[in-house]
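Shared between the two complexes below is subunit A, which pairs with subunit B and subunit C, respectively.
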Partner chain A sequence: MATVTLKPTKTPEIMLEGYSITPDAFAGKTPAQIAALPAHEGKIHVTLGDFFAVTGESGATAADTNILIAGDCSRVKYIGSKMTAGTVTLNGNADMYVGGWMKGGKIHVKGNVDSFCGIQMEGGELLVDGNAGNHVGCAYRGDWRGMKGGTIRIRGSAGNDIGTFMLGGTIIIEKDAFIHVSTHAEGGTVIIKGDVEGRVGGQMVKGDMYVLGKIKFMMPGYQKVGTIEKEVDGVTATFDHYIGDLGERHGKSRGQIVYANLYLKAAA
Partner chain B sequence: MPKLIKGVGCPYCGSSCDDLEVLVSDDETKVLEVHNACIIGNNLFHHANDPTRPRLPRQRQPDGSMKEIPYEEAIDWMAKTMLAAKKPLIYGFGSTNCEGMSAVGRIAEKSGAVLDNCATICHGPSFLAIFDNGYPSCTLGEAKNRADVVVFWGCNPMHAHPRHTSRYSIFPRGYFTQKGQMQRTVLSIDPRETDTAKLADVHLMLDQGHDYELFDAFRTVLRGHDIPEVVAGIPREKIKESVEIMKKAKFCMIFFGMGCTHTDGRNHNVDIAISLTRDLNEHTKASIMAMRGHYNIAGPGQVWSWQFGFPYCIDLSKGTHAHMNPGETSSVDLAMRDEVDCFVNVGADAGAHFPIQAVQHLKKHPFITVDPNFCMASEIADLHIPVRIAGVDEPGVVYRMDNVPIQFKAVLKGLPGVPSDEELFDRVYERMCELTKTAPVWLAAKEDRKYPHSPQVVS
Partner chain C sequence: MASGEIIIKGGYVVDPTRKIDGDVSDVAIRDGKIVDKVSSSAKVIDAKGKVVMAGGVDVHSHVAGPKVNVGRLMRPEDKLLSGFCRSGMAQKNGYRMESGFSIPSTFKTGYDYARMGYGFVMEAAMPPLHSPHVHEEIHDTPIIDEAALPVFGNNWFVMDYLRKGEVENTAAYIAWLLKATKGYGVKVVNPGGTAAWGWGLNCISLDDPVPYFETTPREIITGLLKANEYLGLPHSMHVHQNDLGNPGNYKVTIESLKISEGVKPRNKFGREQVLHSTHLQFHSYKGENWGTFESGAKEVMDYVNRNKAITIDTGNVTLDETTTMTADGPFEHHLHGLNHLKWANVDVEMETAAGVVPYVYDPNIKVCNIQWAIGLELALFAKDMNRTFITTDHPNAGPFTRYPRVIKWLMSRKAREATLGSFKHKDKVIEATHLHSIDRELTLFEIAQMTRSGPAKCLGLSNLYGGLAPGMIADVGVFDLNYKSMPSDPDKIESAFQRAACFIKSGEIVVKDGEVVSNGHKKTVWVNVNMAENPQVKRDIAQSFTKDYTVQLENYSVRDYLAPHPYVINVDVEA
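Here is the complex of A and B:
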């Protein structure tokens, strides 16, 4: 495994679109070649070298390439988007689309990320130590096939639209979330360890949600069917089991209607 | 002899009334009387009589004052400023014609701009919901002729669309609705007791920001399941009664407004309203329509979808393809995140309608306003370019709220020397082509060009 280190040298005036910052683009290239990779600042064609000092070496393939970004990227979009293998470690914040359309590998952001992280994700692992903005692991506008696989773990809290149109994979929010969890989802698992304001599982067809805190406003289309003891992400607890969204269409499996499941931690 | 012009379109709200009659002076320079219009539409025509209307562009001077400059100079400055910017933002187009919207698309392309319209602070979320969930809609004529149950969800047409209720939704007698209001049951879903709510047979005064939960309750009841005793502050029985009214309708028409699109959840509120409409069609006929605000705000959606594939928030900065993702490429977000370095405001008033912080960010960079009148955006601008008033002294195509195109007439002769939006943008495009030494292919291809400026560049 070889590591390429990017050190931010300049803050972009307009947001930098760093769509080349992926192990796939870096693999098999010298630091000079990496510095010459394209990026956009508004309509201006720039290179990564205009904003980063590139050192280290890349591996022969994406899987052998680690990228370490030693600094803040609050104004850099698309870090690790569409990557298929390798790792990206960022010692700071990132802007939008971190790990968007990602297929494999691992991204670790040690600060916060803005909206649309893990959008349309298909595989791999995305770990954020801070907070995330809105639209974590959701679908691109108008696409009814959202996140299909992989794991997103946000150690802080997240905004609205978590896992919209989700089909598979896992999203874990370790603190609170705002509204719209798994809206329109047809699969996948969302675990929220803190509180949620409301709209959990609206228009949801299939899939699982776990809420370990409280839901302030429950969706009227969910009905309690029992209590169950479960282990979720290392926590064992008693959950109230709800099914829904009863207002939405649902398919059948072996003659039984399949509903989405909401497991809400039972009051002690 | 004053002239009476009939069949005039009204350039005010999304109802785009096309039955106005305007009495103009002999020389077609003054509006004398306006018949059939609401009070706002009436005033709009009389505004054109204002002798203080700007006739020349005004540029901000180093001492902060505004100085009148010739159009050539303004066009040159606008072209140069937009070409120099890394990411210009062009916003507005609620109140201009489709010809202008089409012409501005070429400037946006040329300058790598983000092209956005008032939907971004209005019915943009409805577009997102329509992308996600479809749009089982109809025309206003169908609503008038068929609807016997009309639901106003988060909208107040009595104030925002004054003639909507009398032309299309509550009072008119249609083919299957010959008894007019007597035959229609009106539901209003609004946290306030608006004048539309006062007119309604049933008013559900829900808790503000809980439309999504209430829609879900409607859908759950419609599928025969039970719901909690109170949802969004409305008792279960009242929800069941309302669902029954909608289910038993011959044709249920849902109109929705800002109450859905600009409370928490935004597109999801409209999304679930569309799902409800689809569910209702299992029982009866139902349709849904966005109460678009301006007379031609549906226009940019149509024109730019045709040109670029997206209705609003179109980022053309790559030069090779359009990218659209509201939240990132929407005007207010771009401004708040300091992501643009030039702002062009056309036929809308960003100065009055944007959050103050967004305007403060935009004001760090060149700020250009194209507007027939003085407005807040023109008064804070670095350059204000006056144009003709579409629908009053400039004809053009407009799209009504139900996406029906209507040809609007001009009732007055335009102010001498003042161009229309289309002419202005064509000239800016032409100047941009001169500056970048490229052929103005778009103008050369334009057969009905109204403003032959410098013929030598048509190559």
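Here is the complex of A and C:
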């Protein structure tokens, strides 16, 4: 494994579109070649070298390449987007679309991320130590094909629209979330360890949701069917089991209608 | 309009209008027109070893207007990662950004057509009430000349006149509406069915009653055919038949086409057909349901081949993710029920309706594969290529940017077999279609008939577009194909037609080596009918605007400034 280090040297005036910051683009390139990779600042064509000092060396393939970003990227978008292997470690914050459309590998952001992290993700692992903005692991605007696989873990809290149109994979929010969780989802698992304001599982067809805190406003389309003890992400608790969204179409399996499941931690 | 002289030298010229098939000759251009010869100072374009054809003419494409825009608005994902929005060259040269795949921006629409060497495009369905918007978008689409067909098949005036058998009044109304909307001809979409949709119903057969109006699709088609010929319009009635997209619909299709028997073409534009049947692929289905779904292309084309009063376009499924949009409101609701994707539905008061639903023609789904085969079969069964045109009913069966791929499939059995061989359900598809047993490979001459001379004649524009005779508009494409030694790799046919080596639009070089080099000088073509005033129709229109419409008559018409570069075709109707 070889590591390429990017050290931010300049704050972009307009958000920098850093779609080239992936192990796939860096693999097999010298620091000079990496510095020459394209990026956009608005409509202006720039290079990564205009904003970062590049040192270290890349591996022959994406899987052999680690990227360490030694500084803040609050104004850099698309870090690790579409990556298939390797790792990206960011010692700071990132702007939107971190790990969007990623297929494999691992991204670790030690600060906060803005919206659209992990959208339409297909595989791999995205770990954020801080908070996330809106649209964590959701579908691109207008699209009906959301996150298909992989894991997103946000150690802090997240905003609205988590896992919209989700088809597979796992999203874990370790603190609180705002509104719209798993809207339109047809698969996958969302675990929220803190509280949620509301609109959990609206128009959801299939899939699972766990809420370990409280839901302030429950959706009317969910019906309690029982109480169950379950282990989820290392926590064992008693959950009230709800099914829904009763207003949405649902498929059948072995003659039984398959609903989405909401497991809400039972009051002590 | 460029006034400079251009000579395209030494190419293999393919021009069905003059029966020229691959002769090496020069094409001379002056003042935007094809001429016999030019002076020695003319700009020389070397076309040696390349094919030279007239600019393409698209008879049916949804490229401007409210439903295209609804598609753009409801599908931001169609723009993601498509187009050349960041092309450094476009930016440097001052061209507009391009975006969208199945519903491209107006700029991308114009540029993509030009890159494929197309010079004229017919917007296939204009809701009359929204014609100002259609013309605004047409004006915003660079390079290509365009016209638009207003829809009449579910119009309250038309249905009211035709249930009483009043063809002359219908004709007078058509004449007024063409003028008001700067329209080109008579389009009919699911006659009666879209009006019935207002009651949550549809008209599946030709004799299904239209609620309230007490007429039938058969009466509407018959009446509009007669009214069209009464006026002597350049184009014939242009129909999207009833029961689109359902297994077993080929019977209704043939029945609808038969209505044209006995109606004679009457016009001064060289048009020989009285009925243009559009996107026939969607109307050539056999079988009882989707499980027993199979091709009805043979039955339909056997009829079309016999009846010279009909022209058709194919509506080829291209196996892409696309966006369906049609004035056939009930069909879009039906489609939404099949694929559960997002659905938009709009009613246009007094006139029509529209629906929009995204659709994925998945190569792994048998029905989509059979649809793909049917579209190709229609062309391969056709006997008269001057009556058979290539379309994808853009964007319904696929985006227009796939025409080169359709051409590849039609010209190369090898290419067809490669696609067929890639299907998961190959054997079932072969069983349900004829394609595998068809050896025919179309020639460049036949492709030129289907995309140039044929559609131009069908639209009554054969004196302007679709050929290279002196006096015609100088739309000339040069394609990187050697007529004498066509490539053994069919993909090279596709790439040659995708990006013309050179395209000259109205005497101006607009594309060079596949890149747009000019925004051109486009025109909007419309038909102005001059006829004696019909007091009853005039009164009916005035009354309806007072009573029914939400707009005033004075605010209805398309203002001249919305079509600032018109080319008006005058039609004089003798009393």
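Simple rule for what comes next: the second predicted complex is superposed on the first by the 268 of 268 C-alpha atoms of A that agree within 3 Å, B and C clash if a C-alpha of one lies under 4 Å from a C-alpha of the other, contacts with A are read in each partner's own complex, and residues count from 1 in each chain.
Basically, a contact is a pair of C-beta atoms (placed from the backbone, for glycine too) under 8 Å apart; a residue touches a chain by one contact, two chains touch by 3 or more.
Quantities reported herein were computed from a predicted structural model and do not represent experimental measurements.
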When subunit B and subunit C are modelled together on subunit A, clash or fit: clash
Contacts of A:G142 with subunit B and subunit C, given as first, second, both or neither: both
Contacts of A:N160 with subunit B and subunit C, given as first, second, both or neither: first
Subunit B versus subunit C as contact partner of A:T170, first or second or both or neither: neither
Subunit B versus subunit C as contact partner of A:M15, first or second or both or neither: first
First (subunit B), second (subunit C), both or neither touched by A:N112: neither
Per-residue touch tally on subunit A - higher for subunit B or for subunit C: B
Contacts of A:Q223 with subunit B and subunit C, given as first, second, both or neither: first
Selected from 168-176, 186-194, 312-320 or 384-392: the stretch of subunit B that, after superposition, runs into subunit C: 312-320
Shared contact residues on subunit A - subunit B and subunit C: 40, 43, 140-142, 144
Complex interface listing, subunit C residues touching subunit A: 74-78, 80, 86, 88, 91, 340-342
In the complex with subunit C, residue positions of subunit A that touch it: 40, 43, 45, 140-144, 249
Residue ranges of subunit B touching subunit A (in the complex, touch as defined): 85-87, 111-112, 128, 131-132, 210, 212-213, 216-220, 222-223, 225-228, 231, 264-265, 268, 271-272, 275, 279, 317-319, 324-328, 337-341
Touching residues (chain side subunit A, partner subunit B) in the complex: 13-15, 40-44, 96, 115-116, 134-135, 140-142, 144, 160, 165, 179-180, 183-184, 198-199, 202-203, 217-221, 223, 245-248
